[in-house]
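The structure's right below; bear with me while I get my questions together.
Naming follows writing order (A, B, C, D, E and F), and every chain is counted from residue 1.
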Amino acid sequence: MIDSGDTAWMLMSTALVMLMTPGLAFFYGGLVRSKNVLSTMMHSFIVIGIIGVLWVVVGYTLAFGPDAGGGLIGNFDYFGLKDVGQEPGPYAPTIPHLVFMVFQMTFAIITPALITGAFAERAKFGPFLLFMAVWSLVVYAPIAHWVWGDSGWLLEYGALDFAGGTVVHINAGAAALVAALLYGKRRGYGKDPMEPHNIPFVLLGAALLWFGWFGFNAGSALGANGVAANAFVVTFVAASTAMVTWVLLSWQLNGKPSAVGAAAGAVAGLVAITPAAGFVDTMPAIAIGVGAGAFCYGAVQLRIKLKLDDSLDVVGVHGVGGAWGAFATGIFAVATVGGGAGLIDGEASQMGRQLVGIGATMGYSFVMTFIILKVIDKLFGLRVSDDEEEIGVDAAQHGERGYVFEIGGTGFVGIPEAAAEPAASEAPAPAGSGGGGL
Amino acid sequence: MIDSGDTAWMLMSTALVMLMTPGLAFFYGGLVRSKNVLSTMMHSFIVIGIIGVLWVVVGYTLAFGPDAGGGLIGNFDYFGLKDVGQEPGPYAPTIPHLVFMVFQMTFAIITPALITGAFAERAKFGPFLLFMAVWSLVVYAPIAHWVWGDSGWLLEYGALDFAGGTVVHINAGAAALVAALLYGKRRGYGKDPMEPHNIPFVLLGAALLWFGWFGFNAGSALGANGVAANAFVVTFVAASTAMVTWVLLSWQLNGKPSAVGAAAGAVAGLVAITPAAGFVDTMPAIAIGVGAGAFCYGAVQLRIKLKLDDSLDVVGVHGVGGAWGAFATGIFAVATVGGGAGLIDGEASQMGRQLVGIGATMGYSFVMTFIILKVIDKLFGLRVSDDEEEIGVDAAQHGERGYVFEIGGTGFVGIPEAAAEPAASEAPAPAGSGGGGL
Amino acid sequence: MIDSGDTAWMLMSTALVMLMTPGLAFFYGGLVRSKNVLSTMMHSFIVIGIIGVLWVVVGYTLAFGPDAGGGLIGNFDYFGLKDVGQEPGPYAPTIPHLVFMVFQMTFAIITPALITGAFAERAKFGPFLLFMAVWSLVVYAPIAHWVWGDSGWLLEYGALDFAGGTVVHINAGAAALVAALLYGKRRGYGKDPMEPHNIPFVLLGAALLWFGWFGFNAGSALGANGVAANAFVVTFVAASTAMVTWVLLSWQLNGKPSAVGAAAGAVAGLVAITPAAGFVDTMPAIAIGVGAGAFCYGAVQLRIKLKLDDSLDVVGVHGVGGAWGAFATGIFAVATVGGGAGLIDGEASQMGRQLVGIGATMGYSFVMTFIILKVIDKLFGLRVSDDEEEIGVDAAQHGERGYVFEIGGTGFVGIPEAAAEPAASEAPAPAGSGGGGL
Amino acid sequence: MKKIEAIIRPEKLNDVKSALEDGGFVGLNISHVTGRGAQKGIVHSGRGGETYTVDMLPKLKIEVVVKDADADKVVDIVSGAARTGNIGDGKIFIIPVEDAVRVRTGERGEVAV
Amino acid sequence: MKKIEAIIRPEKLNDVKSALEDGGFVGLNISHVTGRGAQKGIVHSGRGGETYTVDMLPKLKIEVVVKDADADKVVDIVSGAARTGNIGDGKIFIIPVEDAVRVRTGERGEVAV
Amino acid sequence: MKKIEAIIRPEKLNDVKSALEDGGFVGLNISHVTGRGAQKGIVHSGRGGETYTVDMLPKLKIEVVVKDADADKVVDIVSGAARTGNIGDGKIFIIPVEDAVRVRTGERGEVAV
């Protein structure tokens, strides 16, 4: 029976997770150069559009339809949302089936959007769209089925993933690694500076991601209950911890506490706590946060050394953070929180099951993404031309530029004045152009 | 009796709809030139202020007070919120009357704010304030009463408007058309380029609008129930569909897939689904979204051809999108969703009732807005002077400018460096001005 | 017993209040010069990190643990969240104790973040971190205990503070006054112009603060009930009123209606209604809003006259606004709203109790903040060097700059064109650098 | 050759550009400057009583390099198109240029401008 | 002394800077300009059918003051490094400089550049 | 006439402006440039180990056109006000100006500056 409180929370959680994708657009958009801000943001926005249609037609049934056999994929019973209505469905007994469906849709949207950080500033728009659509059906939907779907094999096997450590983050991280390799480096990478053009946008993105993540993790309890409360708290704490950890590391090792590092650290913490949120207590969440900050920071440094142009560090943050979180779930889960037990609750074998979940996701995502991208590259080419890259993808692919600060809009230099006189009384008002005081 | 789940959802929905108006400020603010960003944003912000007071004193009772006769307007029983308290009122049995009142307040705020896109970059602030206040009481409140109020005549007549297709969007669109005509074109319109100055802000605005629209539409179910779930899902899907439709059209017809087009398309879809959200299934929502993208895109192109300076396309998006959505409700409504039936549910006559609703709203809004603006123009003048327009409305009317990127804040050009040395160790630290390395 | 509706609302309120701190980062970040935007925003962000860890370990038990004696501070029973779990705790019978704890955490985060406006653009990062951590435990936790904690002495005494007028705003305002004095003026203060560098960010911050404040005030009802509804409505109305008041005053007295004034006015109204939100009716909320706009505007003008460099007006807005609101609660509280009665409900003595609450908070905060800052200044120095201040705190302390608008990203000047031709067909495409049309 | 360096009001840009084009002078460069002169600045206001008089105003600098023979013609075109008759209309400076090179071809001298 | 004022494509900046450094010319200034010449602009599109052809393009202006004797060398370095062979490569102008001062020391003349 | 073109540290702007005003020189233009010289750049850091040394620094260019007779006076004022004694203080260049026009009135020559 529908519970209005659970439904209220799940509607809200869905809205929150939806907002994460625009948040990601700002996080990523702020990190690129100003000539590529729009193309980078469009990567996230347009995915909301494509998957927002694909999912209701066919994605949902592939992921959450009744098992088609072997726990590998759903059948077509829910094609076009047939039988998915205002009454509760099989996955959540207290909320309308439609709410569960749309909550899951927001996950299906953000996962491919995450990958786009690996090939920012050089992707051709058309082939990119195709990649997203195909990937969603061929990679995301099956893995979602394995972990959360009806009789999914990883679910049955006992791998724990509360809110998407494997399905979302490890999956996106593995795909991003392939994408970074196949798209290749940006022109001038390692030679020209590629500083973030708008760090306040990066912070805005991080804030919206964090805000939305409360829906992501606490919403994964599928109701407004004690487990949701636990997930909410540990999410908050892990993000805080990882933020501080990353900032302190960048301070110690790079000489300055970085604002971009604060944003990256918070996201790393949010990623790592995702699979664990409904299974671990608060104090272990601090440990998970410290690990997230440290491992992801290290992974990014390694990526730089290896000269891999995973432009916005999807592998280092989502891949590594997700893997750490999934493994840590096997360590810190205690049955009193959410039912699953790990090492510290006397169930050391859970760590093994977690590793199977991590490995299966990584392997499948890696191989399938490779195939998809190779085919698209052959057929249409993945990258813009060198000239277009030089000019900027915004102008080249979208015919727009992010900012036009007009004449007079910038560059003033002035002196303060004590008196609070309006302009007109101070200057001989010229009759012609210039008006009151100009 | 108060239901805590319904109340939770309605409180949240109200907050969400409130956020739409700042969202609109960014959507509109990003589209204008940088010298007018503040005045454009103030149009939306200050409306939150004015209507936030007017509504509790008198607006609410005019719209939702007991009918004063003929279903045309409410009486003064709720003047100053008399008898509007913590217990449920007549419109929603499971939430405090105050919550229903404040939810409606957010609608009363955003509707006039929508109109301001028609006269951005040229309005004088004082007369504009007057316009908003008068319009709210003389145009918005009565139409809200007709459609949703106690014994409202359109409600009784049977016109369906789930969340404000007529009251909000068609109404604002009609008023915007009048305003664009009476304010007249911006100086240099059609000659000087008037490119958006900050497209990331446009995308931010679109994201906040979308996020808030979940409250707008799913909140219009007045509870956390199956209808809310339906409204939430179709809202999401229609927005996604319309976004993709608009982008594809701009790609096909203008040569490039536009980021501004993605934002405009999403809003068009959100507008169109508004009247239908509690009445139609998900697959028809895709059709509504495609229609929204196509019709609104076409309307904007027509507006450009006609050289009408409806600066931010309120008519094309809200007027046309709202009309399409209201009419589509008459086609696609099925009784199993929310009780109303349209053409595909065997109730062809509903389309006629929808047309009456559309026509009545348009006509009343058009005529009354014309009168109000004409009078204000006579008394105070609507526009800033030519000089002020040239300088920019921000400096001229508000004595402020949007951005001051200081010396040193821009224009760097540099080279990357492998080593992670802090600055101080690299440069001979000069004793005087410049500190570590500068 | 856990109520899912109350829990849904409190989870959501917590997320909303969490978002206020990033909102504050934008509010403050937009007000400073572009060379200090990151350091100013980091002040808020990193506080989420530090207090997000400190609170769960020790802050919560100091503030809300069982009374350690005299109503002055909590004991260590909840150290490391021991016994704070999924079941309801002593403060809120219908939601998990963890939810109450994390809701309070968001208050503990934003309070110190508010203070940072007093010393923006000149603080050294390390000592600042220390200040925040110590202040949180030594000043915030005890005052929270007095007012809201188990047997808190101000609670027992009968001072009313619904959502934090004393604990949050007066407290932060008093600390800010000390900080402004001890940090000293910015170099060039009163001589060089220190205009806000990004007013749209200020408006974004104000919008997020307002949005989040619904959680702050209506969440303080600890459930989705009639009192929450009342708090929500009066919060909205007071903010609207104060915004309009401030704008009208700045128009009258400074010649122009200011956009920054609109933002500041809204925040002033939100501050003032905070202690009153669960105790007063809507019409008095209008009075509180008018008072907030007027008193805070006046306080800021006085601050300017006194040449006190409370850089972002924490004292004038939060100190004065909070004090006005706390006192006004003693005037306007009526028992039918939330149980407390003030002057207009025949309980004149409540005004006295409010003054005691205000005075105790101010005095304690003032003295303790003074001591903490003096010690830190002695040990590590509070300010950056003059050179670093000149260069900008972002580059100096964080090794980053807020914005890099690249070559080609700005400064275009162009002409519009009627035809909708794609670029490539218009220009002889040069073979080399420049691609389609460039 | 001469470089004609004109400081003008930003709002006169389109007029000046068109006038130059009509006169046959297509090539030019524009940059943003802030200028101080006899003209008074704009007053900007802050939250409360704070106001700033900005003593410098945004101007545009237009640079056109022309043959010696065309210098006076260009000066007349620009000063005609940029004039409003009010304080703040700007200045035009004529600066000698010894040589010019077209990067694309390496041509030098008057043919290059 | 001469001031070498070169208008170049933004994307050629790094090449020109390195070439100058290799030639021993470290000191220089760069500023953003928008230029109009024979080269066509970019078309920008809006929401619907609206498009703008921007008739001016972003360019960089590089200024290097050098001894008379070095002027030709610098011109050659810049024009070599900035050339793509396509329309829009830019111009180099040589302008006389009567004197130079190093602010730090007050030194004047060729030693100051 | 001469154009005094001074490249200075941004933080010295107010000092230089006031000194010029005190000396009776009100008219001037300012623009942003990025300069390279002997002075080292700032190191910017990224997410992880990535750092960028920016080899160019933001400077301001001040342009004042004056009568021949005033040139040395202006040079002295600017170089006095802009000096810190450290590397990176900037340069002043003196460039001949053949003629000047006041757009508002059409006046030419020294009266126009």
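Convention: a contact is a pair of C-beta atoms (placed from the backbone, for glycine too) under 8 Å apart; a residue touches a chain by one contact, two chains touch by 3 or more.
Since we're looking at a predicted model, the values are computed, not measured.
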Between D-F and A-B, which chain pair is linked by the larger number of C-beta contacts? A-B
Since chain E and chain F are copies that touch, is their contact same (over half of the numbers shared) or different (under half)? different
The distance between the C-alpha centres of chain D and chain F, rounded to whole Å, is 18
For chain C paired with chain F, centre-to-centre distance based on mean C-alpha positions, whole Å: 42
Hey, how far is the Cα centre of chain A from the one of chain C, in Å? 28
Considering chain D alone, which of its residues make contact with at least two other chains? 11, 13-14, 30-34, 42-45, 49-52, 54, 56, 84-88, 95-96
Going by the contact rule already set, what residues in chain A reach two or more other chains? 3-6, 8-9, 12, 191-193, 195-196, 198, 204, 224, 253-256, 258, 260, 390-391, 395, 399-405, 407-408, 410-416, 420-423, 432-434, 438
Would you pull the chain E residues touching chain F in the complex into a rising list? 1, 3, 17, 26-31, 63, 65, 95-104, 106, 112-113
Note: in the complex, chain B contacts chain C through residues 2-9, 11-12, 14-15, 18-19, 22, 25-26, 29, 37-38, 41-42, 45-46, 48-53, 56-57, 80-81, 85-87, 95-96, 98-99, 101-102, 105, 125, 190-195, 198, 201, 204, 224, 253-256, 394, 397-406, 408-413, 422-423, 432-436, 438
How about chain E: which of its residues touch chain D in the complex? 2, 6-8, 31-38, 56, 59, 61, 75, 78-79, 82-96
Touch list for chain B against partner chain A, complex: 3-6, 8-9, 12, 16, 33-35, 94, 195-200, 203-204, 206-207, 210-211, 214-215, 218, 223-230, 232-233, 236-237, 239-241, 243-244, 247, 254-260, 262-263, 265-266, 281-283, 286, 337, 385, 387-388, 390-392, 395-396, 399, 401-405, 407, 410, 414-416, 420-424
